[in-house]
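Labels run A, B and C following the written order; every chain starts at residue 1.
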Amino acid sequence: MSQPATAKSSEETLQGGAATPEVQIFDPRHFHQQAHDALGNPQIRGNFRKAMDGLMQKRRDAFVEWDLETLRQLGANVRSRALAKLPDLLEQLERNCQANGIQVHWAEDGDEACRLIRELCESRGAKRLIKGKSMVSEEMHLNAHLEEAGIEALEADLGEYLVQMAKETPSHIIMPAIHKNTSEISELMHDKTGIERTLDADTLTAAAREQLRQRFMTADVGLSGVNFAVAETGTLCLVENEGNGRLTTTVPPVHIAVTGIEKVVEHLQDVAPLYALLTRSATGQAVTTYFNMISGPRKAEEHDGPREVHLVLVDNGRSRIYQDDELLDTLRCIRCGACMNHCPVYTRVGGHAYGTTYPGPIGKILMPHLLGLDATRDLPSASSLCGACGEVCPVKIPIPDLLVRLRKEAVGEGRGNVPGAGVKRSVKEVTAWKSWQWLATHPVFWRLGTGMAGRFRALSPGHLPPWTDYRVAPRPASKTLHAMMRERRRTEKNS
Amino acid sequence: MSSRDAILKRLRQRLDGEIPVPPSDFTVMTERGWSQEERLVRFEAGITAVRGEVVKTTRADWTRALVQVLVEKGVGTLALGRFHDVTIEAREALAAHDITLVDADRDIESWSREQFENIDAGLTSTQGGIAETGSLWLWPTPDEPRRLSLVPPIHIAVLDAGHIQDTFFDVLRDRRWTEQMPTNALLISGPSKTADIEQTLVYGVHGPRQLVVLLRQN
Amino acid sequence: MTPVKLYPAKPEKVYLFGTCLIDLFYPEAGMDVVLLLEREGIEVIFPDDQTCCGQPAYTSGYHDEARRVAAAQLDLFAEPWPIIVPSGSCGGMMRTHYPQLFMNSERQEQAEAVASRIFELTEFLVHVCHVRLADRGEPQRIAMHTSCSARREMGLAETGPKLLQQLSNVTLVEQVRSAECCGFGGTFAVRHPEISAAMVADKGVAIEAAEAEHFVTSDCGCLMNIDGHLQHEKRALRGEHIASYLWRRTA
């Protein structure tokens, strides 16, 4: 097993950016060790179990009045249609955004997007940037990039604010600080912002509100993600409960919205089913406090809102996923997090163990495309294929099938169009499966082999790690079913 | 080649060719068939479940309800527009009261800090409501700008019961949003909240701490 | 999920695909399947050359190898009789993934035909045989563990419980998080042993906490996993294949 990862330089890890020595850096290449550590950590086990149980129940309750299967199918169809028309819709989105006064930029990868955003800030003399929640900005390691250029990038979503304060990364795509207890948060806020320790969540939240309010007032740039980008009207839709998203996109004089290219939808009405699915799948809410639909910067006659709005469209591997009919389904994702809420693996190891921006089932099918199968070699196999994720995905992504596809790519028997294809192919395993294949296609030898195993069952190993670390070794039966059936046929014939 | 062209080229020259377009049947998003009464019940249940306050009143009487709310909540300074019917009536009713009225229809640069620090409440009209989710919908205007329903710690919203529709889909369709989207359209479904601290639900984060809906019936 | 909405009438003959785990480790369960079906007046044909459905290689990504093994199985079921599979996992593999494995190949039609005749055992007993069970056993509290494949791939969450509910002296209890995976997942249990162990530990605790005296399952992978773990932990609780339990209680 590999050594636990402690702080490394940005060249060595995939997380990027510097970190203080006492903070653990998580890396997908150390999944086994990270999962091991998480499994032995009672707080992680307890926090995640409790939180996921709650979220699963809330989701169930939220869909009670709905014909859920019909709604999911509509969600899947709306997203599939958008993907089918993607290049045309992106051009339409760009046209309509521009007509609305939104400036549109394109970035092939995360680094280019970071540079674009940095240049937008620098050219406007911006030193302070405040952020609404954006997973794609995490994917790009935007904060680190801006900090290196002397631009402060402050997270304003409460969970992200806390995680940033702790110099960590989010452990869930909707609830970033789910791994932390109230007492930890109290300690953290006391440590970093000087408030008195308290276990009262209201008090802690009020303190954060006050601290961040000042920062909204003085921020030069507000950066947000985008939940849905509507091509028909050139509209950016943002979903939130806290109000920091609205503040971020309304108070600073410049608003930069960043999104993956797959988030576009064709028609305004397409937003309705996706919004209904997103909030209920994520947290069991019928609706979030705010649904914020932005179609332009402040007009001449208006009195508030940003003077400039920019949209940065980020590819970062998505157009490559797009090429393949099967892998394409990955891009339907609306980032609800239901898959990880229902995943028995995620519930037990938490989000950090994966070491990737997106953890859980969606992380396992997406990150291999972004980081390559080599770096994420243990992720596609870290699933029992129970299917709980696929069952709840609001846009019906066949996650277990995609996991199997990635496993196929990893051992070099796929189409080879995922980076790192073939990296897990080993002579040992190929030999094992080819032997199994031979045996299973030569029934005479199969019967012989299984018959022998039965006859010599007393010699069958009782020590078969790792199986027998936790279970007794299965013992071959003295007579196989084949043998029993043969005997029976013989007896019948003779009788 | 620009990034834009490279991306579009890759998308258009797709390895596996054209992708079939599935049909979309939106029936499940509409046709609730609720009565006006049921709409009202659902709207109120939805918004009060997340600590929105609903004050039922009438077109004739609503400013009295407004005054009562302001007094109860100790509002000393109220920001509001100047030209909407709702704000005209409000100003009239409040003229006799000891509440400072602040004009919202000014460039924010002249009063941003004031709005953050000295305004107790913001009053806005609304365009309508959504019964299914307990939501208000607003299209901010120069008279009632975006931050008015966001920055002051109390947001008081005036909603006409007759403008509540069953679903969001119905609103988008019946009110023809696609014909002219405003720079900012909003659904507001309660005071701001979070559950980021160990799943404990806390109200009043960055947006308003309180949302009061003056629901005008008839 | 591939629920079979239109079930055929009870046939005179069926094939039995025993599955490799039953063949090797739980052959008596396989025999109990035969007895259950024969009691319904059905002749059971057991093609001698059957080996494995190919799932372990399939889920490991070794599709070329899985395909060759699957092809060998396809040739064994030439007659248009239902194919009974006492495993949601193997049943799911053959019904859902065989057509995918042979898509755009010369065996596509054959694979689809075979897939359309696959029935998981409890599914077949409930929806085709409309079996009526008379309980001869002593009162007992039992829990059912439905495999994830039976539940989600084949849409069969209710068939096992329906059969058990017919047993008048049996109290069917439900463990917490009954729909959560037991952690077997085929090679998952050996590739990610600690995570798998955490899952099976929770499953064992849940079944015990439901005060079940015994548990049954439709899948021998799950059985090997949960039963093997309980034995390792020296717990008294044990389980068996639902076929064995049903036969023992009603014979």
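Observations on the structure shown:
Here is the rule we go by: contacts are C-beta pairs under 8 Å (C-beta built on N, C-alpha and C of every residue); 3 or more make two chains touch, one makes a residue touch a chain.
Remember, it's a predicted structure, so these values are computed and weren't measured experimentally.
Common neighbours of chain A and chain C under the contact rule above are absent. Using the mean of the Cα atoms as each chain's centre, the chain most removed from chain B is C. No other two chains have as many C-beta pairs in contact as A-B. The central chain here, found by comparing per-chain C-alpha centres with the mean of all protein C-alpha atoms, is A.
One finds 31 Å separating the Cα centroids of chain A and chain B. Centre-to-centre separation of chain B and chain C, using mean CA positions: 53 Å. Residue positions of chain B in touch with at least two other chains are not found.
Contacts from chain A toward chain B in the complex involve residues 47, 50-51, 54, 66-67, 70-71, 74, 76-78, 80-81, 83-87, 90-91, 100, 106-108, 112, 156-159, 162, 175-178, 180-182, 185, 201-202, 204-206, 208-209, 212-213, 216-217, 232-235, 241-244, 246-247, 250-251, 261, 267-273, 275-276, 283, 286-299, 301-305, 313, 315, 319-320, 322-325, 328, 417.
Contacts from chain B toward chain A in the complex involve residues 2-4, 6-8, 10-12, 14-16, 18-26, 28-29, 46, 50, 104-108, 112-113, 116, 132-135, 140-142, 145-147, 150-151, 167-169, 172-173, 177-178, 181-200, 202, 204-208.
Taken together, the chain A residues at the contact with chain C in this complex read 32, 35-36, 39, 344-345, 348-349, 378, 381-388, 390-391, 404, 406-411, 413-414, 424, 429-430, 433-434, 436-437, 439-441, 443, 446-447, 450, 453-454, 465-477, 479-486. On the chain C side of its complex with chain A, the touching residues are 1, 18, 20, 22-28, 30-31, 34, 46, 48-52, 54, 56-65, 68-69, 72, 148-149, 151-153, 179-181, 183-201, 224-225, 228-229, 231-232.
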